[in-house]
Each structure stands twice: as structure tokens, then as C-alpha cells.
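Next come two complexes, and both contain subunit A; in the first it sits with subunit B, in the second with subunit C.
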Partner chain A sequence: MHTFGYRANALLTFAITALAFICAIASFSDKFSNQNPSAEIQILNINRFKKQSHGNDEVSLTLDISADLQSLFTWNTKQLFVFVAAEYETPKNSLNQVSLWDAIIPDKELAKFRIQVSNKYRFIDQGQNLRGKEFNLTLHWHVMPKTGKMFADKIVMPGYSLPDAYR
Partner chain B sequence: MGFIGETVDSIKSIKIRQLLNQAITLGLIVTSALIIWKALICVTGSESPVVVVLSESMEPAFQRGDILFLRMTKEPIRAGEIVVFSIDGREIPIVHRAIKVHERGDTKEVDVLTKGDNNDIDDIGLYAEGQLWLNRHHIMGRAVGFLPYVGWVTIIMTEQPIIKYILIGALGLLVITSKD
Partner chain C sequence: MDWQGQKRVEQLMQILLVISGVVAVVVGYTTESFRTMMLIYAGGVVLTTLVTVPNWPFYNLHPLKWLDPSEAEKHPKPQVVVAPKKKFSKK
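Up next is the complex of A and B:
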């Protein structure tokens, strides 16, 4: 009943239960943080706009992204994954999401930033629908916890449009 | 002689009882593990509700040895989600982030492009030859939760099978020799 093995087992079980409980509470505590992120994106330039040889439209553009995501950090936050996606509708597709830029923010101090970049991933349509296309730029973020549940949200910025002609 | 015979019989019967008891305990442990696993599959809708991260392609979000909890729901796949997918001809499923999504208006069929956070290029090179997009049937689930380090146990056990046998042997011995 009170052998070494029995006690070691009881201790281990209790330690693991306590650890699991602490992890669960840490994850749960994320729900109570006050979040007021803000973001603004401008299109500085359309660098290139053409039809590819096999028929899909491709755009290259330069973005000016500024955002303040510091309020998303809590004590259980390991990192923030942020990306900007162009989102639009075409006759064929009810939703197109094309990621243009992304970044990993490991630290709260770095979560307030302003950056001017051209698109990191190619902005290619499935077809030739981009001339004069209206689209949204959406800043998405995925919060990676130290442990527990991951969560995500976004800010949708509507009202961007592409030129009417290739250039 | 009768007395000795009785004693022998009683010892024998005790042993059989004990043996049966131990067999049942062992069976209970195995079946309850199986029940928990199958219940998880039912609740999460994913064929493999828990996976261990084996590669460095999603660092720093997920490190080797971390455990991911997966769910597979009817909800559509969206860009930014971390999905687990398997490619025809590849045995080990891959956990990467969706960076492009094109969803058909009529059939709701999706074309998804993925990329590992820690990789410089997207995953087209990982897909089967001639495959440009992932479709719904390639995707086994999406990551919803995360527990660090715990998966090291399984990594060590698969890479050093001897440790697995020692562990199983020790546990078996414990079950057999323990008397409540």
C-alpha cells in the first residue's frame, strides 16, 4: 500500500493532473483580455498588371501596412501570425483569398508596426477577372498560445480596386 | 493426505482467480484507451484527432515534439488556417498553413495552397506531380489547439524502439505483480 512505487505513481499522477489544470486555466484566461487592434492599408503602386501566357491575370503591387496589434498579446501568447489577403468574388468563385504578405510577430513590442512592401506571394487569379476588380484587403491574425486553444480574427478593409487595363 | 490436497487445491484456485483478475484489469486498460481514442474521433470528426509535430517547417509556432489537436468540421477552409493534409503517395501527413483559397460558387469545392511558416516557398513542390492545389479530400483536419513537448514521448519511442519494449515490459510486469 505504501511502497515506493505506489507513492511515486501517486505523485506523478497528481503532478500531471495539476499541470493539465494549469494549462487549461492559462488557455481559458485568454478570453478575458481586452482587445482593440487597429490597422490601415494603402496601395502605393501597381507595379505590374498583365495576363500570364497561360491565361490567368497577375498583379504585382506595393502595400503600405500599418497596424497596432499590441493588445492581442497576453501572458499566454507565444506569437502572432499576421497576414494580409486580397479577397474578392468572381463569376466562377464565390470566394478568392490570396495572401499577399505575412509575418510572424514574436514580441509585443514589435506588434505596432508600419511596413512598405511589395507582395510576397504572387497575386494570381483563377481566370481573367482582375481588370477593374473591386476587392477587400483583410488583415488576419492567428494567435499562437504558449499552450491551449488557438484563436484568430481579422479586420476587413473594403473599397480597393484594380486598374481597368493591363499595364 | 486429504489436508495437503485441499491446500493445494485452494492455492490453485487462488492463482486462477488472481490470473483472471489481472487479465481483466489489463483488458480494461487497453479497452478504455481504445474507447477514449474512438470517442475523440467521433467528437472531433477527424480520423486522427491528435498528431505529433515531426518537422521544423512550422517553427516557431510548432516545434518538433509538440502535440496538435485537430478538428474536421463542415465549415469551409479559409486562408490562414493550419490544416493537416495528406498527399497521394506520401505516407506522413503534413501540417501547414493555407495561404490561398479559391472556393467555387456552385459546388463549394475548394482549391487551397499551403505553405509552412518556416519555409521560403509554398508547397507546390511537395504535392503530387502535376498537382497545383489541395482539394477538400486531401485535408484531414485543421489544428485548433496545442500542447508543447508532450509528443516527445512518441518520437523517442518510434526512434528508439528498445525504450518502447522496456516501457511496455515494465508496465506489464507492474500490472502482473501488483496486488491491490
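Up next is the complex of A and C:
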């Protein structure tokens, strides 16, 4: 500690170590927030349901998505990534997940929303399994904190079904 | 900076940084603002830098008292007597 450079170096290393501790505490404090997210999705319309020329089923839907994810925001949350996936079972695959819509929520005020959209990404099956198919719509979210580990969770909403015939 | 000053500056640096860190976390958590926490901590680091890095006169209150050079002349350094080396010679 006898020269300017030694003192500056000691200060910098200690300050950065303390900063790491502060960030760890901030990340740890997230565990004490209580989260009660809710979501509801309705299928307003099946816009199109057909077999593609090369044989795979394709559906176009209009969804009414309403969700309240405000409780996921803490002081250490940077943003949320949210997506809606259709999940169903076929003889070939025990779990098919098709992403239909997604969004990035950068702010707590925007985390309570209601939106009516047709599917942003195409809903295409690997095969011709979609006629009369029961499927779940699942709202997945990834919480991106300012410091610490990213984590994900979901709400599964069962009981949706597709028509028995193409249209 | 003298010896006492170096000890004091190190303790002061650690105490100031820990205090600013604790204050930053408490205020940031209560106001739910990560930004406030970072700004308070950054302010604490700048303050600590200003207090501890420059060689303030405050750290030079206990200068070392060196002996006068005349003392050294009065007590000459004992000379090391070197024993004459025995040379190893080939026969």
C-alpha cells in the first residue's frame, strides 16, 4: 500500500469482489418473491386446416391470449421471454411442441396483457395426425434476471381440439 | 505514506467499500431498484478512491525517525573477517 499504483490495484480488486457479492445477494433475494402468474388462452377461430401438398397437416388459428405475469418481475428482472406452444402426442413422438406465438416483455407494466393474434409461426405437424387431435396450449416463460441464473416455467392449459375434417 | 498510514488506508478502504455495499443492497432492495443499488455502490467506490488512493497528508503523521548519519560513524559496522582461501591445486 506504499504507492499510488498499489492502492489503486487493491481498491479495484476489493471493489470488484464486493460487487460480485452484491450481485449474488441480489440474485438470492429473488427466491423470496412469491409468484402467482395466471394465463388463459381461447381459440377464437380455425382460419385454415389443410394437408400440405407434400403431406403434412397445417393449421392456422386465431388465439385470444390473456395473461398476468406481473408477479414474475422483481427488482432483479431484466425481461421475460414468453411463448405459446401447442403440445400433443402422436404415435411417432410422445411429445410434439410447436411454437405458435412469442413475445419479449421488457417491463412490469406490460406483463399484464390481452392479445388477439393469429399464429405467428406456422403450426405444421410431422405427418397427418392433426384431424380431431386433442392438444394442450402451454404458456412458457423464461425469466431473464439482471444478475444470476435464468429460469423457466410454464402453465399448461389442456382440453383444446382440432376439427375432424380439413377445411 | 508511512507505515501507520498504510495500515490505516487499507482498513479504511475495506470498511468504506463494505459499508457502501451494504447500504446499496439495503436501499436497492427496499426501493426495488437495481439501478439505485448500482449507483450507490458506484458512488461508494468513487468516494473510497478519493479517500484512499491519493497520498493525503493525513497518512503521513508518523514519519520514520532515521538515525543521524554521525551515529553510524560512531558505531562502525563490524567487518567480516574472511579466512584466506586454501587453493586446491593440481599435483
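A few points about this structure:
The working rule: the second predicted complex is superposed on the first by the 166 of 167 C-alpha atoms of A that agree within 3 Å, B and C clash if a C-alpha of one lies under 4 Å from a C-alpha of the other, contacts with A are read in each partner's own complex, and residues count from 1 in each chain.
As a working rule, a residue touches a chain if its C-beta (ideal position, glycine included) is under 8 Å from a C-beta of that chain, and two chains touch if they have at least 3 such contacts.
Note that this is a predicted model, so its numbers are computed, not measured.
In the superposition on chain A, A:Ile25 makes contact with subunit C only, not with subunit B. Among subunit B and subunit C, the chain that touches a larger number of residues in subunit A is B. When the shared chain is aligned, subunit B and subunit C each come close enough to touch A:Lys146. Look at A:Arg7: by the touch rule set out above, it reaches subunit C but stays clear of subunit B. In the overlay built on the shared chain, the residue A:Asp102 is in contact with subunit B alone; subunit C does not reach it. Legend: residue contacts after superposition of the two complexes on their common chain; A:Asn119 is shown touching neither subunit B nor subunit C. When the two complexes are overlaid on their common chain A, residue A:Ala15 makes contact with subunit C while staying clear of subunit B. When the two structures are aligned on the shared chain, A:Phe81 is found in touch with subunit B, with no touch to subunit C. In the superposition on chain A, A:Asn93 makes contact with subunit B only, while subunit C stays out of contact range. Judged by the document's definition of touching, subunit A residues 146 lie at the interface with subunit B and also at the interface with subunit C. In the complex of the two chains, the subunit B residues touching subunit A come out as 60-61, 76, 78-82, 97, 99-105, 108, 111, 117, 122, 143-148, 174.
Interface residues of subunit A facing subunit B in the complex, by the touch rule stated above, are 5, 23, 27, 78-79, 81, 83, 85, 89, 91-99, 102, 104, 106, 121, 126, 140, 142, 144-150, 152. On subunit C, the positions that touch subunit A within their shared complex are 1, 6, 9-10, 13-14, 17-18, 21, 24-25, 28-29, 32-34, 37, 41, 45, 48-49, 52-55.
For subunit A in complex with subunit C, the touching residues are 1-2, 4, 7-8, 10-11, 14-15, 18-19, 21-22, 25-26, 29, 74-76, 146.
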